[in-house]
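In the two assemblies presented below, chain A is common to both, partnered first by chain B and then by chain C.
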Partner chain A sequence: MHSSNESAASTERHIDPKLLELLVCPLTKSVLRYDAERQELVSSAARLAYPIRDGIPIMLPDEARMIDDSER
Partner chain B sequence: MTETKIRQDSGDETHFGFTSVRLGDKQALVDDVFHKVAKRYDVMNDLMSFGLHRAWKDALVSSLRPWKNKPFSLLDVAGGTGDVAFRVMEAAGPRGRATVCDINGDMLRVGRDRTPKALTDQIEFVQGNAEVLPFEDNSFDAYTIAFGIRNVPRIDLALAEAHRVLKRGGRFLCLEFSAVDVPGLDKIYDLFSFKVIPPMGKMVTGDVEPYQYLVESIRKFPLPARFSGMIRDAGFGEVRARPMSGGIVQLHSGWKV
Partner chain C sequence: MSDAPRLFEQGLIRTRLKRAIRQGAEDFLLARAGADLSDRLSAVLRHFDVVVDWGTPGPHAADALLASGKVGRLIRSAPLIEALAPSPYPSIVADAGLFPFGRESVDAVISLLALQTVDDLPGALMQIRRALKPDGLFLACLIGGSSLTELRQSLAAAESEIEGGISPRVAPFADISDLGGLLQRAGFALPVSDVDSFTVRYASPLGLMHDLRRMGATNALTERRKSPMRRATLIRAMEIYAERFSDPDGRIRASFELIWISGWTPHESQQKPLKPGSASQRLADALGVREMVGGEKPDRLK
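Here is the complex of A and B:
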C-alpha cells in the first residue's frame, strides 16, 4: 500500500509508555525491561528478549532471542 | 462427508477443520491460513456474510456499551485487522484505549496500516498468543474476540487468560459462528458453506484451503450451551449466549465477578 513510506515510518515509531506498563512476559508474567537501542523487551525471568518490529512488540516465545547472564 | 469425532480436550489431538491434527501443529496450520488471506480478509467477510458481519460486530459494540466519562480499556484478541477495535473506540470516544492482540503479524500490519488517523493514539497492536497473553492481571475493562476463538487450539486456556487479564467487573464478549437451528435455513446454510464459500474464497484470495478450513472449523466448534459451560468453567458469571441471524452467529457474554 504505502511501501515507499513504510521504512521511514517504522524508524519513527516509538512504543507507547502506557503499553509498556501493560506488557509482561507471556511465560512468567513478570515485568519486562525495555531496551530502546535493540528494540527489545527483555524478560530476565524467562531469559528471553522479545523483538519489537515496526513498533509492534512480538510477544511470542518462539520469536524471542535467548539471552545470557550478562544481559540480564 | 465423514467426520472423525475427537474432543478438543482429549489429549494430544485437535481439529483442523475435519482433519485431526496434533495439537502442536494446529497453530502453524492456522497461521498459514491467515497469512494467505490477510490482505483480502475483510472483502471476503463481506462476500461470505452478505455484509452481515458488520451488523454482528455492531451488536457486539452496542452490547458492550463502553462508557465515555472515564477511561475505558479494551483488549481485542484475534482482532488483527482492527475492525472491532475501531468500532469500540468510536463508541468510547477519546478516553477509550484499545490493545489489539493477534498471533498473526500479517493481520496486525493490515490493521495498523488501516487505523483511522483520529484513532492512532488510542490503539496499540501487539503480536501475542491468546493462550498465553502478555498482559498484567486485572488490566482491562473488556475483552472481545470476534470469530477468533474457534481458531485457538486450547480454548480453555484462552478463556482462563481472558478472565485473568480482565478487571473485576470486566466484560467478556465473544462472537462466533454456530450450527444453524432454523429448519430449512440449515440446508441452505450447509449448501452455501460447502459449495459456495470455498470456490468464492479461491476467486478472491487465490486459495481454496483457507475457506475449506473455515467452513469445516465452524462445524467443529462446540454448540452454544457447551461453550457457555466452558466460559463458566473459566470463572465467569452471568454467562449468556444470544443467537443472531437465525443462529448462524452467537454473541457470548460473561462478567468477571
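Here is the complex of A and C:
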C-alpha cells in the first residue's frame, strides 16, 4: 500500500461528493476539509490528514499523515 | 478516546485478511450470514435512504442490501482496500471500532462478521447510534463465544501437556447475553439478539485450520504467544481434536456460532411500555373475571 500523494491525484476515480458530506474524523468526529490537490481529508482537530487512494478515503489513523500548524 | 484494553492487533488482522484475499478467501461464514441477512431484510417494512455496510470483509452484505430493494444509497466500508474491490459503491477503508460518519447522518448500519474483533464494542455501538438518524436501524452479525470451542480445548490441552502452560490462541468472542445489554446501554430501542449455531465437519483438524487461514481468522490477539507453535504441540492438538471431537465416520466437528443483534434509534412512533398507573381500564374487566382485593384467596383455594 505505497502511493505518493502526487500519483493519487492523477487516478481516474474521484471521491463521491455526497460521501464527503457524510464523513467526519474517526477520532474526533469533527468536520473534514477536502484537499483535492493532495487527495487528502484533513482533520484539524486531530491534526491528521487521511489519504484518498483511487477515490477511496482511508479513514485509518495509523495510515494518516501528521500535519503541522501551518496546514491547519 | 477509549481506554479499553487492546485485545486485538488491528494491523495484524488486516495483514491476515489481505493474505486470505490474495490466496482466494474462504467465505462460507460470510455467505451464510449474507443469505440470512436477505431473509431478515425481507421482514423490515421500510426504505432506507443512506445505508452503511460497516466492515463486512466481502461483498455479501452489499449484495443482500441491493437485492432487497430497500436501499437508496449504499456506502461500503472494509478494513482494507483489497476487501472492497471491485466495488461499484462509494467506499471507505475504516477500522470497525472507529465510525467516521457525522451525527444523525445515516439511516441504517449493517455489519457482517466485523465487530467481533473490536476492542471497545460498547464504544463502537455508541458511535454508530449517534451517527444514525432517529428510527434508524442497526443490524449486525458477529462470531459468537461458542465458536471453535473444540479447537480452543484441543490447543489448550496439547499446550499444557507439552509446553507446561497455555497461551491464548482462540479469541474470546462475545456472548449473546452480553450483547443484548450492550445494545440497550448504547441507547438503542427495541434491542433484539439471537443465535445461529451450527456444526461444520472436516476430514481432519488441518482442514479447519486451513479454512481459518483462508478466512484471515488466525490468531491476532495482542497477548498471543509470538513464537510459532511447536510442531509437537500442533500434532498433539490435532490428535486430541480427533480423539475428542470426531464422529463415528472419522470426520471432526467444528462448532460455529453467529450472533445477530439489532436495534433502532429511538423515535416517538415506536412502541413502548406505558407509564405504571396510566391504565384507563381494569385488567380484571379485560379478562372477564372478578377482581380480588389484597389478601383474598381465589375460590378454589378456600
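To be clear about the criterion, the second predicted complex is superposed on the first by the 62 of 72 C-alpha atoms of A that agree within 3 Å, B and C clash if a C-alpha of one lies under 4 Å from a C-alpha of the other, contacts with A are read in each partner's own complex, and residues count from 1 in each chain.
In this section, contacts are C-beta pairs under 8 Å (C-beta built on N, C-alpha and C of every residue); 3 or more make two chains touch, one makes a residue touch a chain.
Computed from a prediction, not measured in an experiment: that's the story for all the values here.
Novice: On the A-aligned overlay, A:L22 touches which partner chain: chain B = first, chain C = second, or both, or neither?
Specialist: both
Novice: Of the partners chain B and chain C, which touch A:I56 in the superposed model: first, second, both, neither?
Specialist: Both chain B and chain C are touched by A:I56.
Novice: Across the two complexes, what residues of chain A are contacted by chain B and by chain C?
Specialist: Residues 1, 16, 18-19, 22-27, 29, 53-54, 56-61, which sit in both footprints.
Novice: Write out the stretch or stretches of chain A touching chain B in their complex.
Specialist: 1-2, 16, 18-19, 21-27, 29, 50, 53-61, 63
Novice: What residues on chain B touch chain A, complex-wise?
Specialist: 97, 99, 103, 105, 108-109, 112-113, 124-129, 132-137, 139
Novice: Which of the residues in chain A come into contact with chain C in the complex?
Specialist: Those residues of chain A that touch chain C are 1, 15-16, 18-19, 22-27, 29, 31, 53-54, 56-62.
Novice: So in the complex, which bits of chain C are touching chain A?
Specialist: Interface residues on chain C, with respect to chain A: 1, 10-11, 50, 73, 75, 77, 81, 84, 90-95, 98-103, 105-106, 127, 130.
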